[in-house]
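In order of appearance the chains are A, B, C and D, and numbering begins at 1 in each one.
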Amino acid sequence: MSEKIGVYVCHCGTNIAGIVNVEEVSQWAGSRLKDRGVVIARDYKFMCSSLGQELIEKDIKELGLTRVVVAACSPHLHERTFRTACERAGLNPYLCELVSIREQVSWVHTDKIAATAKAEAVLSGGVERVIHNEPLEPLKVPIHPDSLVVGGGIAGIQAALELADGGNHVYLVEREPSIGGHMAQFDKTFPTLDCSACILTPRMVQVGNHPNITLLTWSEVTKVDGYVGNFEVAIKKKARYVNTELCTGCGICVEKCPKKVVDDVFEAGMAKRKVIYIPFPQAVPNFPVLDAPNCTFFQKGTCKACEKFCPTNAIDFNQKDEDITVKVGNIVLATGYDLFNPRRIPQYGYGRLENIFTSLEFERLCNASGPTGGNIVLKDGITPPKTVGIVHCVGSRDQNYNGYCSAICCMQSIKFAHLVHERTGADIYNFYIDIRTPGKSYEEFYQRVLDEGTHFVRGKVAEVTEVARSPEEEGKLIIQVEDTLIGKQRRIPVDMVILSAGLEPRYDAKETGKLFGIACSADGWYIERHPKLDPIATMTEGVFIAGCVQGPKDIPATVAQGAAAAARIQGKIQQGEITLEPIRASINEDQCSGCRICNDLCPFSAILYHEDRAVSEINAALCQGCGTCVAACPAGAISGTGFSNEQILAQIEGLLLLNIDQKESKKVLA
Amino acid sequence: MSKNEKPKFAMYWADSCGGCDIAVLNIHEKILDVDANFEVVFWPVAMDAKYKDVEAMPDKSILLTLFNGAIHSTEHEHVAHLLRKKSKILVAFGSCACEGCMPALINLSSKKDFFDTVFTTISTVNPENIRPQTSVKVPEGVITLPEMYSVVRTLDQVVPVDYYMPGCPPESHQIAAVIDLVIQVLQGKAELPPPGTVIGAGNSTVCDECPRKRDIKKIKKFDRIQFIEPDPEICLLEQGIFCSGLATRSGCEAKCPSAGSPCIGCYGPAEGVLDYGARLMSAVASVIDSTDPVEINQILDGIPDPAGQIYRFNMAGSLLQACKDAWNRK
Amino acid sequence: MERITIDPITRLEGHGKIEIFLDQEGNVANTYFQVPQLRGFERFCVDRQVEEVPLLTNRICGVCPEAHHMAGAKAVDAVYHVNPPPAAKKLRELLYSAFYVTDHTTHFYALAGPDFVMGPDAPVAERNILGIIHKVGLEIGGKVLQCRKYGHAVIEMIGGRKVHPCTSIPGGLTKGITEEQRKEIEQMGRWAIEFAQFSLKLFNDIVLGNKAYVDLILGDIYTHKTHYIGLVDENNKINFYDGKVSVVDPDGKRLGKYGPEDYTDWIAEHVEPWTYLKFPYLKKVGWKGFVDGKDSGVYCATPLSRLNAADGMTTTLAQEEYDKFYKTLGGKPVHQRLATHWARLIELLYAAERWVELATDPEVTSPNFHTIPTEKPTEGVGIVEAPRGTLTHHYWTDERGVTTKVNLIVGTTNNYAPISMSINKAASSLIKKGTVVTEGLLNMVEMAFRAYDPCLSCATHSLPGQMPLQITIHDADGNPLEVLKQYC
Amino acid sequence: MNNDDTFEPVIIGFTCNWCSYRAADTAGTARVKYAPNIRLIRLMCSGRLDPTFVLKALANGADGVLITGCHPGDCHYVEQNYKALRRFHLLKRVLTQMGIEPGRLKLVWASAAEGAILAAEFDKFINEVRALGPLNLPLQKQKTFSTPALEEVAA
């Protein structure tokens, strides 16, 4: 046994020593594991204290330790601490192992003898493992200063602007003809009630004019290659049939276009638009888009009205989709959310009964630039409602649809109540499960609306029907609900119902995630690197998430994440290069038979196959170190640093005390 | 002692089929080189020489012993120890000695189960339900039989082994190459590889030598060779046939897949592999094209005998070696 | 009582152990031919995918894996009730004929030859194939090796590998052959015919030319009057791959013929506690112990038996030798075991001729070499004539085609009883009171069973291990007397 | 070996660095108690789980093996836990053929938050294996090599 191993057992005050006989463990290691290379075994009150660390550094220097095992708390807490200590003493940090005898022994077991025995086994496993540890050097890769932001909603806009203002180039990709996202569709924003468009459009214009931003609307990402610092992204620019070089955005083509279709996107189906159209007046960029599938010329081969009237001959029926490739160092995914479709809850009557609106439809209804010019009226277009029912949690907090809370519906519904009250003076009923107002001056806004006399009924709406049971219900929408505060069933007749629909991941979130090599949770929201400590990074280095892609949230939180993502990227760009954990897989080409089993196993496309030599190879910078290919290689040709077969197999032997007398391992548990 | 000074050569079979011996004869005229460079002192299939002659030899007096066959009886173990003692270089020759080969599939059943099956077959007339005994009293005296172990073992589980030469049987061109090497060593023109080396084989896997075209693997269904007309150009696994080539050591020139028949794994695990079957099952399972447990199991139903598939040759050499019953009855 | 053990029996494939007990006078009281290993194929071939069993049973014997592969192939065809296309059948038989040539050559030159060419009591060191090569000259040795080379070339072309072929599957083969290969095979076949004729001539000169040997052959020592069986075609001519098994009694009278499905009506196996191997016998006649004659179910399945059980050969040259054989040895049936070596060479010639017949059949290059099974798998029996005797494979499966039961009656096993009897008789007549038991003398005992070319790895398909044959002399209490134990 | 009334199983548990290992930490932090029979090994992902590890553990004296990983869809490496799932089902079939009770191998999904749930699963599995009794497979011997003296050979 050529290694010299130092073993350090931590009391952690009484956290460990209270259950585990720490002295015994360290003595045991010193004697029973001597012939495994343990030259020194100490126990200390707080190993993580500077004195504890110095103890280790001293032994490394004086005893020439070649390996270190610390038995203390979870590696997730102090692995770095002890590895850094080793590094200070000139020992490669990866030759140090931290085994957990606190979270996984003293804190979860009560029998002192058994706990001590287990601590010994766990320590023995660490010792056997560390023998096979290899000195590792972190990987460093250069960072390309340009960035890609996907999604032109407020999150993407914020991220793009922060990066661009920081002096770095940004590609902002948006699949709709204009940036702005959902926020551009809103009327007022809670709780301050300032006009959504008024605060958003300046930002949009900034983006449009920013010298550091290449704005790619009506475009989609089709392929992502490479790795952090060095991504190569293929983007498809869909044909607008409008030459943006020539177009002045005068809008004559729109005016002259003879055909109208329902606008399902911006107007949420509440109004019509022309076939060649600018989504909304403040759109950025302000060029029209021709909706080819609906265009008479593309259908029948005649018309071309737009072309005839265009003063700058900007209309180009021969325009084709264009594929471009950009190189970027980092990526922000801010592709937002879809609205829950209330048709999925038939008993609420949406789509079946008149005068039932989704939250988004209502936003348009009360928006000054909307179909009714901001007049809140029934479908007939003239009659204002006398009573309005607002239903919360539609498709949220509901095991049949989405279990989670969509976070914004309460405040949004309260906002709606205020707007209806303000503009119609109608009677308003809000139907809620719980009111959630976790935000600056949210609760105050709720109080204000309560004071305005809005009725709040605590109970989940069972049904919205038009089947009247009494004369006063005739011609009304009747909301059937159990009022849980008074504990009885109620039927409330109203003229208008607003369904505060929940937020859902984009219908294509999974595919998009695959494209960028990041994962969705069971709910479909993208998984952050850490739910608390790192909510904007992902498991894929260099790919960040901002806004509702990570989970439902309101505008302030969304903006904060957009800014945060930008700040993180800026930091990386300044460093110029990035350091990667050296836990990576690699293929021994002599042993690789080119069977190609591994080729499709890597979600990060780190494995490439060389037809010519008929072998596979792993791109270390792309590899995330999960080890799946190592476990799958039938030839045993792939090895993984940090978690090699030798390390794991040795740890198994250690844990089972194969390295010492067998009876021992059984007796201690009996 | 021998009359001439040529180094001594021995070949022995334990629990084996004789195919290894035939493979050696199949080196054709090379056999004459063996005769020219060695004194063949013990080789039951080809010449007369009894144990006593071997026992009479001084220790380490045989230069090279090719030992084929697995260890399944007291007799095998005895000869293994004898030849280890008498040989300078002991080679585990062929799949049986290296990893147990098919005879070790018997490790999947208990000894009782095994004897009961054999002595009650449809054509057996055995009214007193007789089982052979290790010692039987006959009118003239007592005669004995070696005892069968309940678990077949590899040679290196019984005695230390210097080299391993896999294959069922080893391909003749590989044998010829190894014999050339040894002769060169004798003439001081070459050096022996380090002890424990696998000789007469490659260190990649059969796919490396397989002429079939390979693509990425996604398995939706396992098929059986008799039910399809496989495309002769394309990887059999990609056509749903459970081919063991991907996990099996190279060196055979991918004979079976080239002949339209899936590799069955006779060359054993690739360099440094601890458990052959684990490699094979891990690789194949990893590329099953489903994330639904129910569907995964439906797909796995396409392999009705997984243990037989992945441990066809490697049972004795595997980590578990034998089924629980075989272990538990001594 | 004295005991002699020969340990191990050499120059046969597998392991063997012979116990010889002497009485007070020093005459042989009894002999026991033990097979001391059990490998358990009947057990571990169960629970497997049935299409693999022909690959597993290959490993019963590395000397005649082709036989097991063929019997297995026919059994799995039967299991799936599928009839392979003509090309597949012909290719299989072509492979099989080439194998026969190789195998019979190996046996004659490497295993049995030395006894005749070098003489039964030549020095140990010379009594082997290398000895023959030294004696009869390199160019004959070369011919022998050449013959094996050709045989294995054909086996590899059709079977995929030289040893343990892998191409037979339910419904046919996994591959065919090209016209180029066919031409090559044909040429090698023509060479093989010449070689077979040469071998017969060699036998003629060295053995039949030597009175001592002829007396040895015709002498009573190596004679047994038993039943004989062998595979024959519809005209009762010898065929190795297909047909029915013909059964004749010691007078040469045909008791009948059975097809694979009926084997259990004809053959049964007897069990003794002192050996791992079972003793097959004719069920209809019954087991009467180790005795010959009409009333004993003991039968024999060897080249000699096949000649006795058939009415002749389908090929001209072999037919001539067939007639010469019986003319020389005084009519059918021939009971002298050593004549088996001659019979083997006649089969060698037949196999070579059949090889060329099939190699010149245009159909063998057809691309239609596999029929996909459509029936539900159930149960099937496959029978071929292995060089060392009729070979029967019987598999049962569930509806997934996974084996639930396997029964095997293997070439050499057929001859277990007659071999035991031959040994007994040879020993009794050679070892008499006062005779010094020489190694050569013991070798002549071994010759008794070597004539059967017993393949004990085959026989021991149900046994693992190795079989010591040592000579020990025991007093009446069975205690060994050192003096003779020292010997050999 | 132990007779069953005093029998205490030894169990090896494989955990994923991102979910189940953190869940075990969570259990600790919350002082949730479970039996000491289980000893954990940290992998980066359940996708790293090589059936060799399970066979090795059983052959080296473990009475049962627990595999844990992120919930389907939650894998930190997108979809690698599905590979573990596939291997698990095949391995279970092989072990069954080897006469090893399927109950000695178990797969449990646990997120980093599910400390208490995982602890309960530990106890459940430990009891299930205790009920099965000791596995008692002989411990693997290491292979040993004799070194032929090369000069002897060349001589």
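Following the convention adopted for this analysis, a residue touches a chain if its C-beta (ideal position, glycine included) is under 8 Å from a C-beta of that chain, and two chains touch if they have at least 3 such contacts.
Since this is a predicted model, take the numbers as computed values, not measurements.
Two chain pairs are in question, A-B and B-D; the one with more C-beta pairs in contact is B-D.
Centres computed as Cα averages put chain A at a distance of 54 Å from chain B. Centroid to centroid, with C-alpha atoms defining each point, chain A and chain C lie 74 Å apart.
Taking each chain's centre as the average of its CA atoms, chain B and chain D sit 30 Å apart. Annotation: 24 Å between the Cα-based centres of chain B and chain C. Counting partner chains per residue, chain B has residues 108, 274, 279, 282, 284, 286, 305, 308 touching two or more of them. Shown for chain C are the residues in touch with two or more other chains, namely 47. Chain A has residues 601, 628, 631-632, 645, 649 in contact with two or more other chains. If you draw each protein chain as a dot and join the dots that touch, the picture is not a line, a loop, a star, or fully joined; it has some other shape.
Of all residues in chain C, those touching chain B in their complex are 1, 3, 6-8, 10-15, 19, 21, 29-30, 32, 34, 36-40, 42-44, 46-49, 51-52, 55-56, 58-63, 65, 76, 80, 106, 110, 124-125, 127-130, 133, 141-142, 145, 148-149, 152, 156, 159-164, 166-167, 169-171, 173-175, 263-264, 267-276, 278, 280, 283, 287, 370, 372-373, 394, 400-402, 405, 407, 409, 443, 455, 457, 462, 464-470, 474, 478, 488.
Partner chain D is touched in their complex by these residues of chain A: 74-76, 100, 102-105, 107-111, 114-115, 117-118, 121-122, 125, 513-514, 517-522, 527, 531, 539, 583, 601, 603-604, 624-628, 630-632, 640, 642-643, 645, 648-649, 651-653, 655-656, 658, 662, 665-666, 669-670.
Residues of chain A touching chain B in their complex: 590-597, 599-601, 614, 628, 631-637, 645, 649. Chain D meets chain B in the complex at residues 50-52, 55-56, 58-59, 72, 79, 82-83, 85-87, 89-91, 93-94, 97-100, 135-138, 140-141, 143-150, 152-154.
Note for the complex: chain B touches chain A at residues 203-208, 214-218, 245-247, 250, 269-274, 279-280, 282-284, 286-287.
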